[in-house]
Structures are given as structure tokens and as C-alpha cells.
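Below is one structure. I have some questions about it.
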Amino acid sequence: MTTIDTARLVAMFATIATATSADRDRLCALDGVIGDADHGIAMELGFSAARDAVAALDTGATDPTTLLNTAAKSFLNAVGASSGPLYATAFMRGAAAVKGKTTLDDADVVALFQAMAKGIQDRGKAEPGEKTMIDAWAPAAQAAGEALASGKSLAGSLEAAAQAAKAGAEATKAMVATKGRASRLGERSLGHMDPGAASAVTVIEAIRVTLTD
Amino acid sequence: MTTIDTARLVAMFATIATATSADRDRLCALDGVIGDADHGIAMELGFSAARDAVAALDTGATDPTTLLNTAAKSFLNAVGASSGPLYATAFMRGAAAVKGKTTLDDADVVALFQAMAKGIQDRGKAEPGEKTMIDAWAPAAQAAGEALASGKSLAGSLEAAAQAAKAGAEATKAMVATKGRASRLGERSLGHMDPGAASAVTVIEAIRVTLTD
Amino acid sequence: MKKFLNSVDTVLTESLDGFVAAHSDILVLGDEHKFVRRRELKLGKVALISGGGSGHEPLHGGLVGHGMLDAACPGQVFTSPTPDQMLAAAQSVDAGAGCLFIVKNYEGDVMNFDMAAEMSEGVLQVVTNDDVAVENSSYTTGRRGVAGTLVVEKIVGAAAEQGLALPDLKALGDRVNGATRSMGVALTSCTVPAAGRPTFEIGDSEMEFGVGIHGEPGRRRDALKSADAIAEEICTAILGDLGERAKGPALLFVNGFGGTPSMELYLMYNSARKIFERSGVEVIRSLVGSYVTSLDMAGCSITLTMLDDEMTALWDAPVHTAALRWGM
Amino acid sequence: MKKFLNSVDTVLTESLDGFVAAHSDILVLGDEHKFVRRRELKLGKVALISGGGSGHEPLHGGLVGHGMLDAACPGQVFTSPTPDQMLAAAQSVDAGAGCLFIVKNYEGDVMNFDMAAEMSEGVLQVVTNDDVAVENSSYTTGRRGVAGTLVVEKIVGAAAEQGLALPDLKALGDRVNGATRSMGVALTSCTVPAAGRPTFEIGDSEMEFGVGIHGEPGRRRDALKSADAIAEEICTAILGDLGERAKGPALLFVNGFGGTPSMELYLMYNSARKIFERSGVEVIRSLVGSYVTSLDMAGCSITLTMLDDEMTALWDAPVHTAALRWGM
């Protein structure tokens, strides 16, 4: 049983920020194909802001809920793109899911993770199969829950989540956006991975790495 | 001694119109080098309008002054370029110079011709040497006057005028416009004939042809 | 890229500084360039707040003032403003009667305004979606909100000035939006300063038919046609979409995208007006100019709003903003 | 050439028809498209008539109305109107107190207006020549009349509305013109519809410094500089030309040439204002927008008019035209 405290969540945001920053150009390029080429910038900006905001907190005096809400707000106000409200809502819902806890056990982390996915879906109202980040987040959240229920550790559960995210993102290549953003491209969107799904893989992998060792 | 009546002036405008129309593209091309490429269009438009206006007159009931004023007005209102007021003034001054006459003798025609040149100069305030139509009209008017004074016929006087115009237009090639329109081009205007001087040669030649045979 | 600028990073703040300085009689700039608001507030009046990506000037900042918006939040170029901007604006202009957000239908804008609305008390929203060109675009689910947004802001702004309550203003805004249809065409691409090159490639004798105000694709790429043929197709799409409603008094708004001069806009207006009137629309109000732009894009859109007496009176009501002014 | 048009021969008449239809509340079109005049004349008021080549819209037709021009005569693109137009306009708007022609200093315009003036009774003229870029150009002897013409028309228009007599209006117009300096820069060429291709070639990172409003050459072709550097050079030229007079209250007018959007104009305004204020000019009135255009040319001009109390009050006086409107 792992116990995640506030300090570990601070480290988590630092890792996500480093990972999305490293991934910036690829994400912009993916967004350039079916969107407006700024997704890498949005993710870098958002997670750098979140990292800095939570790093400034007094970890001893801050619970996970406050930390996650702080991250949400700073992400939101740093990014004018769709990904701003989507990730901000994710973290706010995660914050609500662990309300009252000072440290998080395996089930708490998985609940937080699932609340994040739910938050993205509620905010963006996208269904799986519409070629959005939901195609990575929804299967990842489901896989994490199933793994935990079948007795896996947090490490095993997040491992399952990361793999499901990767498969989900991969699957967006075969999707023709039928609703929303890239739908005007029709067949042109075929063969290209959705940038938000691609970045979700990066984010989820960074979460897995920081929360499981 | 030639006697020019109103009908002959009608014919004169027809000939000028044909000549300037035939010359249109060359004049536009010349204007394209140092101006705005519309001089041929302006001359064609102006003299077609003048031709049509005087052709509509009852020659029996019209004196030269009225005919010339009609030509002036129609030229003026057909052309929005500088050449409009310049030629309109020329014909109005010509009209004034022959006021009261029903037919024109040699001296009348030369006086009309000189008044035209004076009108252009008064309207445009250009001095000889500034690379304008005045560099054709002023020497032409002077040559006509001198020829008549030295006993030449109208044919001889207009012949002298046409030759002086041609030489004057030729001379504009060597002029750098120092004032007015083309002056910003500085040395760039060197080597090119002024379009207004070029068309003056055409107009004067058309006048010579119709009034002297 | 040929633009007047010093650095792509400061384009927005410098332009906003100039804008507010030039109109300091009626406007005030919020901290950190978060919003532009009207100088004189009116106690007890519902506050109207709009905003969106920059690059559409004079929308929305140029529509702030008496009889129209109370505040506008400028995002980065073609990017939604963030909720802290809306919240700061709301805090600054809320006069005790609540706020109405007027939002163009783009996913980023809608989600950001939604979040701001959820974080506030007493906020309602009107989402405009007047563009009949496409049902979904690269930025929206459902139709895009384009030039018709100005009409909504003017009419709702006048009603707010007259003291209408928040729920009624929302209903009015939805009604005006519902009576409004637009469609645009681009002759050239815009160039986003940060990108430094044209958003899309377009041939010398092509046009993008049904283009969005961010240069996003429209119905199709087509050969450049005559003004009459372009107007015919746009007006037919608008009339077709309005269906039975396309009869009687209307406002005709021909909007330039930034790179098209007024001579051409009036020529398009002339074409469009004839087409609409031929089919039973009576053009009783007109607006022609570059009000909802797409940076330096050459092109225009045509907007038709079917008017009733109330809407007409509100359109005519006094307005004093940087871009629209009459009656005062 | 990418323009909204049906045929190059009908561009002007179609655009004018649209223009007058869109503003039929205040404007009337003269026979044969010879002029545009205000709908309501004022008995005993001096009639203000301007005009010039088309392609500079909204100048001059957009400046016809209460408090400004009584009539405007549109020529062919970049070509003077003809005297019959001025005469028809004068006949239509003369209200018994004479006419003042306001003419931009171009040889064709000056000669055509001169002829019209000679053919009329009771006409005086103001010839504007605010452009400090060059002393003579391919169209003028002496300085060109450019965007400052709008300032002359506004201030003289207000005075005419208030009943000033013809000689006093001429004196006022000359005084405003004398207090006004402008200079422009082009980033792209305009394209004259009848020509069908750009008036001049210009490289991707070049600008034409001191360009005229017909795309005629300016001081020099130069590498495209930052907005601040461009503003610095223009403002310095204006200040240098004004000399001792460049102190105290002024109107700063940043004018777009047709293809430059408002975001960039306000950025230039921001630069220019700082430069002027640094040197003792106090910007108390501002105007930013595309008012004196050169078809679709990208670029802008900066105009400074040194104001006294009388001129300021006349600038502020109510005006109701298609392009400028306030106070009514």
C-alpha cells in the first residue's frame, strides 16, 4: 500500500510539467494537422503554471484537495485553449473526490484519477469515439478501476491505466471526427492521432511514474 | 488664303479624335513610365466626346466660338485627368480669340492656335523645360506666329508649328522633370518623352492636316 | 508577415494600451490587461460582458460603452480569454443586478465562460451561433458565432441600459441570436502574428466559401466568382436557413474581415440587398464596415437579422462605444 | 486581383448605389452618380463640397452629412471628378450663402475644381496639402493633400453648420490645413480595379516610406522596421515640419489605408502618441481607423493637427455622416 502525501503531488506536477514541456513540439505538430497547432503550448503553459503554483504552497499546511484546486485554478488561468477548462475541471473534480483526506491510499488515488476523467467528460461533453482526449482518459480511468477491483496494487492499476491510455490514443488515429473540432476535416482527420489524446498519454504516464515509486 | 468655316472645325475634331484614338496605347505606355498610364485613355475619351458634341451641332447656325466652347465643355466633362482642364481651357481661350467671326482666315487660325497654347500655360502654370505638353505647345505656337509674320500661308505656318511641336516633344526626353508630376522620379524620367507633349504632336498634326487642304 | 508591430509578444498589450488611450473618455483598462470596461457604470443595471480571442477588433472592446457592453475580455489572438478575466471583469462592472455573458460558440470560449459562470453568482449566458456555413467546425460543436454577435450585443445592450432584468435579457439575447444568420467568404488568409505566416494557402483566383472568423475552413474552396454570384449563394443559404421567417423587416449587416476596403463592402451590400428584397425581406436597417474581423484577412460576411418593432427600437437606441455610436 | 466586384466598369456605380442605399436616412445620390449630397439642407448655410478620385472611401462620400460636407463628387478611381460634377453638386446644395470647395492638392483635382469655381458664382476654395513626405510628387506640384483633409472637413463643416460666412470658412480651412501635418507608409501596394494588378512591386520585407494615397512613391523604399521605428520617423518628420508650433494640445489621427486592421492601427497610435507627448505635444483628441484609404493597400498614415480652443470645440461639435458620427 502506497501513501501519497501533498509533497508527492507537488512532485507529480513537476514531473507532468517536465514531460509535457518535452513533448511540446510533437503536440503542436499533431494539433497543426487537425487543429490550430497550439496544444503543446497550452499543455506546457498550463502545467508549468500548475507546477509553480503548487510548489509555492506550504506542503505541511496544505491538504490534497487544496493543492489540486490550486493546480486547477492556475492551469485554467494560464491557458485560453479548450484544454484549460478540461484539465482544470479534471483537477477540481479530483480535489472534490479526495476531500477531507490528508494523505491518499491506493483507492483514493484511483478515485481521484477516475474523477479527473469524469470531469473532462462532463466539461467537454465528448463521447468516446469522437477523437478527443476522452478516448485516452476514459479507458484509462476504467482500466485503473478494474485493476484495483481485481486486487492490483496502485502501481499495477496505474500501469493498466497508462497502457489503456496509450491504446486509446492510438485508436484515435482510426477515428474520423464526427462531432466537434476536427469534424470539418472529415476524412482528412483519418490517420492522425488526436493531440489531446496524445498529451493525455504523456500526463498519465507522468502521474504513474511519480505516484508509484 | 484659306477660309475655315464651322464645318471644317467639325472635321478637325473628327480627325483629332481618330488620331488620338490610334495613338492611345503609345500614349498610355509613355504615361506608364513617368505617370499613371492613363493619358491615352484621357485623350481618346476627351476628343471622342468633343467630336460627338460638335458633330451634333447645326453647323449652319453655329459660329466657331460656340463650336469651340462646346468642344471644350464636352472634353472637360469626359476626362477626369489633368489633360481635361488643360485642353478645355485651350479650346475656351481659342473660342474667345475668334469671338464674333463666322469664318476664320489664316490670321484667325493662328491666333486661335496661339490662344490655345496660352490657355494651357495659364491653366497648368508650367514653364517650358518642365517636361509637360507645354514643351510642345509653346514652341509650336511661337513657330506658327513667326511663320505667319514672315509671310507664310496658313499651311506653312501650321507646318512650322507641327515641326516645332515634334522637336519640342523630342526635347522632353532630355528633360528631368524638376517640378510637378514626374519630379519625384528624378533621373528616372530622363530619356522618356512626356506623354502630354507626345499627344500634342498628334493633335497639332491632325489640326494641320484638316485645316490646310 | 507584414504587420505594424514591435514584438509578437507585446502586440496585444500595446494595441490595447493604444485603444484605451484613444478612447479614455469612455473606457478604462483592467489590471494586467484582463478586460476593458466602460468608464461610467449605472447602478442597478445588469452588466453585459463579452470577450473572446483577439484579432476580431473592434469586436468586443470597441463595443464597450453606453448602450452596449459593460466589459470585454480579450484573449490571446484567436484564443479564448481565461475565467479569471471574466471574473475580474464581472467584479469590476457588476452593478448589483447580475451579469450576462455573451459568448460566441467556440468550444474554448464556451468552456472558459462556463467555468467563470460556475464560479460566480447571478450570471446567465447567451451563446451566439449565427453562422450557417457549417454545422460543426474545427473550433465548435454546432454552429459558429460570428458577426451576428454584434447585433445581439447592440440590442441586448440597449435593453440592459433601459433596465431590463437578467432573465429577460438572456431571453432577448437568445431571441436576437435566433433571428440572425450569417455567412462569410475569404479572398486571402489571415496571418496570426505568433505564427508569422498565413493560416491557410489560397490560390490567386480562389476563395474560401463559408470561412470562419479564424480562417478556419468553410463549405468549400471555390473559384473566385463575381460579387453577385457570391452574394447570391450566401443570401440563398441565409434565406434557406431562415425559411418561413425570411419575410418582412430586417437588418442587413455587411462585415469586412479586415483587409477588404469599404468600396467593396458597399458593393457587396448592394448585391445582397437586392437579393434579399427580391425574396420579400425588407431592409430597414443597415450596417456596413469592418466590425468583426479576422486580423488582416480579405473577405466579408453577410448577416441578416429579422427585426420586430422591439428589436428595431433597441437597435436605434443611443449607443456610445469606440466602434458604434449614434444618438449621443 | 482579388476583389468583390462584378465588372471593373461598374465598380464605382454599384458601390455608390450600395453606399447611398445603406445611408438613405441622411444621403441622396445625384443624377448620373455625379455627387452624393446630404438629404437635409439648411437654408442660408454655406455649402461645403469636396470630392476627388474614388478609392479613398469613406473619404469623401462618407463625410457628407450634418456638421460636415454638403456634397461630395466621386471621380473615377484615383482620378479627379470633372467640373460638371462640382457644378451639379453646387446647384443642388447651394443654400444661398455660397460654396466652399475643399480640394486635395493634386494637379488634376486642383485644375478641375478651379474650372468649376471659375464657372460658378460665389465659390471659394481650400486646397489641403498636409503630407510632409515629399514636396512634389507624381501627381502634385507642392505637397499632397492626404488624411488631414478629413480634419479640415470636420472643423470647417462644424463652423459652416454654425453659420460662419464663406470668407471666414475659407480662412478657417486654410488655418486648419496649416496646423495639420501627415505622413504615411505602405506595406503592400493597392490594386486599381481597371489595372487589375498591383500599382507597385514591393518585397516581402520592404515598406514604402512616405507613400501617397494613390500608391505613388514616397521618400524611399526601406526595409520593414518595427512599429516604434516607423512611428518615430514619421512623428519626427511631422514635428520637424511643425517646428515651434509643435507644442500643446493636438488631435492625433492614425489612419489605415484599407488593408490594415484596427489592431495594428491602435498599436501605431500607441507608439505615435508616446513619441508626440515626449516632445511636448498634448494629445487631447484622437481618431483611429481607415478613413482615407488607398483601395486595399496595407499601411497607415499619422496626422497631427495642432488645436486651439476654437478648433477643438468645432471638432467636438455634433456630426452625423456615414463614417463619422457623434453628438447626435
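Order as written gives the chain letters A, B, C and D; numbering starts at 1 within each chain.
Keep in mind that, in the parts below, contacts are C-beta pairs under 8 Å (C-beta built on N, C-alpha and C of every residue); 3 or more make two chains touch, one makes a residue touch a chain.
Composition by chain, UniProt nomenclature: A, B = Dihydroxyacetone kinase DhaL subunit; C, D = Dihydroxyacetone kinase.
Remember, predicted model here, so these are calculated numbers, not experimental data.
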{"item": "Fewest touching-chain hops separating chain B from chain C", "value": "2"}
{"item": "CA centroid of chain A to CA centroid of chain C, Å", "value": "33"}
{"item": "Inter-centroid spacing, chain B versus chain A (mean Cα positions, whole Å)", "value": "83"}
{"item": "Separation of chain A from chain D, taking each centre as the mean of its C-alpha atoms, in whole Å", "value": "57"}
{"item": "In contact (per the touch rule at the top): chain pairs", "value": "A-C, B-D, C-D"}
{"item": "Residues on chain D engaged by chain B in the complex (per definition of touch)", "value": "53, 75-76, 78-84, 107-108, 111-112, 114-115, 134, 136-141, 195, 214, 216-217"}
{"item": "Residue ranges of chain A touching chain C (in the complex, touch as defined)", "value": "34-38, 73, 76-82, 84-86, 88-89, 123-125, 179-185"}
{"item": "Of chain D, residues touching chain C in the complex", "value": "2-7, 11, 14-19, 21-23, 54-55, 57-58, 62, 187-188, 204-205, 207, 224, 226-228, 230, 258-271, 273, 286-288, 290, 293, 295-296, 298, 300, 325-328"}
